[in-house]
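In what follows, chain A forms one complex with chain B and a second complex with chain C.
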Partner chain A sequence: MPKLTIDGRSVEVPKGTTIIQAARQLGTDVPHYCWHPGLSIAGNCRICLVEVEGMPTLQIACNTQCSDNMVVRTASDKAKRGRADVMELLLINHPLDCPICDQAGECKLQEYSFRIGNDRSRFDFPKVHKPKHVKFSDKVMFDAERCILCTRCVRFMDEIAKSDELDISNRGDRNEISVKRGGELESPYQMNIIDVCPVGALTSQDFRFKSRVWFLESTHTVCSGCSRGCNVTAGARWNKMLRLIPRENAAVNKWWMCDEGRLTYTDVAAADRLGAPMVRKDGRLVEVSWDEALAAAAKGLAAAGDDLFALISARLTNEEIWLASKLCDALGTPHRDTKPRAFGKDDLLRTGDGNPNSAGARILGVAPGKGGAGLANFASQNLAGAALFGEDLDDRPEAIAALQKLAFVLVVDSRESETMRKAAHVVLPGLTAYEKDGSFTNVTGRVQRIAPCVRSPGDAWPDWKILGWLVAGNDRGARPKTCAEVFARMAAAVPEFSGMTHGMLGTAGLDVRSAAPAQGSV
Partner chain B sequence: MSAVEFPRLLKGAPPIGKRQTLAEYEANGGYQALKKGLAQTPDEITKMVLDTGLRGRGGAGFPAGRKWTFVPKNTGKPVYLAVNGDESEPGCFKDRQIIERVPHLLVEGAILACRAIGANTAYVYIRGEYPIGIRCMEEAVDEARAAGYLGDNVMGSGWKCDVWIHSGAGAYICGEETGMLSSIEGGRGYPRIKPPFPAVEGLWRSPTIINNVETIANVPLIVRDGVADWKSSGDADTPGTRLVGVSGHVNRPCHIEIDPAKTTLREIIFDHAGGIWKGRHLKAVIPGGSSVPVLPNKPEALDVPFTYGAVKNAGSLAGAAGVIVMDETTCMVDALLNLMEFYHHESCGQCTPCREGTGWLEKLVHRIWAGQGRMEDVDLLDRVADTVGGAGAGKTICFLADSAVMPTKSFIKHFRADFEAAVRGGGSPVYLARKARIDRKHASHAVGAAH
Partner chain C sequence: MAYVKVKRRELTLSERFYLPVIAGMGTTLKHMLQMGGTSRVTMEYPEQKWALPDRYRGAPVLVKDQQGREKCVSCSLCEYVCPPRAISIVPGEIEGPVEKGPQVFDIDMLRCIFCGYCEEVCPEQAIFMSEEYELCGSSREEMVHHKDRL
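Here is the complex of A and B:
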């Protein structure tokens, strides 16, 4: 364990640690472009120069390993001058188009230029010109003039996406990143290159020109695309979600997320969102008050009793699934099931399971009980009613036909569906995962918080509130006021969550208490 | 004074244009060293090379035997020898003599080096612009393989060794040792960051020793004649002979093999190369290939032996022994522009200072050359050069940036008057005539302050 001094503070690090990593341990950010903790070391940008006592020249912090008694100065005059020199060179051919560049506000070139660069250049020649808007794919746009050739994107594609679609063509200051063989990017992880790009060279076709990043309201939450539960930061403006970007979590997604998951936020702004409760009157669904709708729902559920089929979505949160199970327990029905949902699958992140909370549903026992019917056979069981929590059966016309024969059908969902239109007697509008509090349990058994990124549309309620009220019935005092309260009650009842609170989950999550249903890996 | 050559490497070599065949090489004592070497242990061969003090002939002058000892033991990975015959440095054409005329000497050296470092495979990387050399080497390797000097059972010893010829494709950077490794692997000729050093992780992430052609060609002589005999030429600083190429404004551009301790730069220019052409005077000389600092026509620069140490003390580097001679009519701005165009064109573009800086240097030199410079541009050029690199500056992964900076700074240091004359619109008649024929390519970026 080498022990060294960085800027006068001593630190002990494992053998093989580089100066840039050791400095991070101390909370010191050595400026860097090409270095990324999740990628191999390229050592090409040369901005991470530091002074090491006893070495005749400045060293790059990203590839210099710490040794015992090393004395490093990251902010000495010599180091600063070395970095300012590199900054000047990086900018001589860089377009000064920050006012129209999407990266402005989260651009490392801007940040370091401000921190360590000069306010003027000695370079007074025309700049080198390169292609300005190259379509890498429908998802990624490339500007070769803004590119500083750090090769993070090339290394991401090679090393993480395992899809060597990018390369550098030409030579010297004519170098350009290019898609090999002139095609378009195909990798399902290609949008990560937008995140790793430290400048505005790679921008998102989905997000570009929609908002200045400093106007975004950021929320730490979790992707609801699949059971991996990649940690994300959502960006919203004017109550509209504009993007998801991956948020580092070493135990879940490291620094990455898939493109499919990244675009799940668009569900929030779907045209067919439900904004008011409805009850079927004279064969037509009409908007009613929550009081009336909840009363109708409670009446229908009670009438169905232990002959109710409950389809409980594994897209709902732990809290909601727990409440739905409580409701089924109270009614005495063993007919409970979830609905499988397909998603891309690979060795990196995508699990193939499009339900973000399958593990939670498993832990909370959402499955046909003794003598109970499931999704496959409820139609033939001569049941009295059905409740669909967060699901529709639009992909199964025969199931909709079966629902239509039932005396009572409750649908709690965030979007309109054919199922709802044809079969529901009561419709209660719920929310998407990006509008409510709660938690998911991911494929490896990690319990993670989700958080509202935008306000709900119309008069929709979070599903935990709807379920909480249904469970409480006429006992007003038993109605939950917050989702955290539901979680606390669940944690007291379910051993896997025992002792946990929303606060403890924080932004990184916790593993379930018992042996986790471990499967899949990052 | 008479020009004395010390042919050791080229002893018995056929004239230019002819390749020594296997039979001719064997008649000249060829492959006797290999026979001897096979009877020795690898460590014994390494020790002999170590004892001679043979220094790398690619330019850096690192002791070859010491480099061989850096190969880690028992890694479970194969060990490779990579022989650098890219010879891409402007002004250098010494390795070509070995490759084209005595290729078997190189083959035998490569086999012995493989034996010493524990390799079974050697790659000889040859400059793509040497098609004759590539053919000569391939023929030599085929002959050696047919004769049992290469293959699965070298000279019946049961030991396996093979040599493969790999052609370059015209990039200067592939002569940089790690850029060459990337090229051999089929990638872009990108130099690699160190650590890991090639001796630990080189070709295909396996231990690899990289030596220059001339370095390897010396190995059979060492093994055959012994340490003492080999060291009879040269001195403690630069033992052995050196192959030197002389080009430029001389009466007799040539390649020679000299005793570096007994031959001065002046003798190389005036005796071996027949002096300055057209009855003119010497103005400047670049002694080690285009990357090293230029020297002015001064006794303290010229009357020094051509050893690594002596040339360094004189203010330059013996480098890869490509002596470039310039006469009194040469405009040094003109000459520097030529070099800056080259380094800008050849920068691989990996490291920021080199990618951006070599272009800036060229633009500045060009502005001065085109008569559009300002007097302060001369100092600016000097300072920008410091920003980009310099001898041992270590600002970049490889030495290309430093190779552009060393000439820049030395040209200004010794010939500032030429730069100032160009700014004023004057200069030598040759330069002014050339400038008058300004070609469109130059005109297109000869612009002043734009934004």
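Here is the complex of A and C:
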């Protein structure tokens, strides 16, 4: 274990640790472009220069291993001067088009230029021009002039996405990143290169010119695309979701997320969102007050009793699934099921299960009980009613036909559907995962918080509130006021969540309390 | 708290007969007789216009370059710096060497305080404080200057 001194503070690190990692342990951030904690070391940007006592020249902190009794100065005059010189060289051919660059505001070139660079360029020759706004694919836009050739994107593609689609072509000052074989990027993880790019060379086509990043309201939440539950930071403005970017969580997604998940936020602004409760009157769905709709729902559910088929979505949160199960318990119905949902599948992150909370549904026992019907066979059982929590059956016309024969159908969903239009007697508008509080249990059994990123449309309620009120019935005192309250009640009742609170889950989540972790995908 | 009773001065005899008021009316009469004469101080606006100082800050306007292209690239710095949040911009992609331009550029002149920060912050010198100060409209909507008016 080498013991070294960095800026006068000593630290002991395992053998093989580099100076930049040791400095991070002490909370000292050495400037870096090409170094990324999740990628191999390239050592080509040279911005992480530090002074090491006894060495004749400045050393790069990212690729110098710590040794015993090493004395490192990250902020000495010599180191600072060295970095300022590197900055000057990096900016020689930079177009300085920050006003039109989407990276502005979260650009390391801007950051370090402001912190350690010069305020003007001494270079008065014509700058080298390179291709601008090149479409690498319909997701990624490339600008060769802004690129500092740190090769983070190349390394990401090689090492993480395992598809060597990017490379550096040409030589000298004509060096640029290009897609191999002149094609388009195809990797399902390609948008991560936008995040790893420390400058504005790789930008998102989806987020292109939508907003400057400093206007965004950021929320830490979890992607609802699949059962992996990648940690994300959502950016919203004017109450509109504009982007999702991955958030570091070593236990779940490290620094990455898939492209499919990144675009899941678009459901929030769908044109067919439900904004008011509805009840069917004379064959037509009519908007009514919440009181009337909830009363109608409670009456219908009670009438159906233990002949109610409950389809409980595994896209709902743990809290909501627990409440829905409690509702079923109260009615005494064994007919409960979830609906499977497909998603891309590979060895990196995507699990193939498009339900973000399948594990939660399993833990909370959403499956046909003894003698109970499931999604596949509920139509053939002589049932009295159905309740669809967060699901529709638009992809199964025969199931809709079966619903139409029932005496009572309750739909709690965030969007309009054929199912709702054709079969529902009561419609209660819920919210998407990006608009409400709650928690998901991911494929490896990690319980993670989700948080509202934008306000709900119209008079829609979070599903936990709808379910909480249905469970409470006429007992006003039992109606939950917050989602955290529901979670606390659930934690007291379900051993897998025992002792947990919303606050404890924090931004990184906790593993479920059980010896055997939840099994893989569906 | 205790209060103090203020003792007022007794009115004099002339004051009690309102004689100073008559003196005041005399002054008014004097000015009335002088009307139309040379000692007038009021400017006859709007027939007469005011000579604006060089750095006068009127309504902000967007300018075009020599090729007739809007100089604004919708970097939104003015939107950010604007103290009363009068500016709202929707950026968009445009054809040509510059990739970005405003699709919508609105300044709410009911909010604008003519501080000139937008002009100062603009990296493209695309927004200027004009000499226009006669701003009126009969509705709130009319007082929002859209791109075509700027």
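Keep in mind that, in the parts below, the second predicted complex is superposed on the first by the 516 of 522 C-alpha atoms of A that agree within 3 Å, B and C clash if a C-alpha of one lies under 4 Å from a C-alpha of the other, contacts with A are read in each partner's own complex, and residues count from 1 in each chain.
We take it that a residue touches a chain if its C-beta (ideal position, glycine included) is under 8 Å from a C-beta of that chain, and two chains touch if they have at least 3 such contacts.
These numbers come from a predicted model, not from an experiment.
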Task = Identify the partner contact of A:P126: answer first if only chain B is touched, second if only chain C is, both if each is, neither if none is.
result = first
Query = In the superposed arrangement, which partner chain does A:R208 touch: chain B (first), chain C (second), both, or neither?
reply = second
Key: chain A: partner with more touched residues, chain B or chain C   = B
Inquiry  = Once chain A of both complexes is superposed, is A:A42 in touch with chain B (first), chain C (second), both, or neither?
reply    = first
Query = When the two structures are overlaid on chain A, which partner does A:I100 contact: first (chain B), second (chain C), both, or neither?
reply = second
Task = Tell me which partner A:R171 touches in the superposition: chain B (first), chain C (second), both or neither.
result = first
Inquiry  = In the overlaid three-chain picture, which partner chain does A:K481 touch, first (chain B) or second (chain C), both, or neither?
reply    = neither
Remark   = In chain A, both chain B and chain C touch residues none
Ask   = Quick one: in the complex, what on chain C touches chain A?
value = 73-77, 79-80, 91-93, 98-100, 123-124
Ask   = Mind pulling up the chain B residues that touch chain A in the complex?
value = 171, 188, 193, 195, 344-360, 363, 367, 380, 383-384, 387-388, 392-397, 445, 447-451
Request  = Spell out the residues on chain A that touch chain C in their complex, using ranges where they run on.
outcome  = 98-100, 104, 132-133, 208-212, 214-215
Note = chain A residues touching chain B in their complex are 41-47, 56-60, 63, 65, 82, 85-86, 88-90, 92-93, 122-126, 128, 148-149, 167-168, 170-175
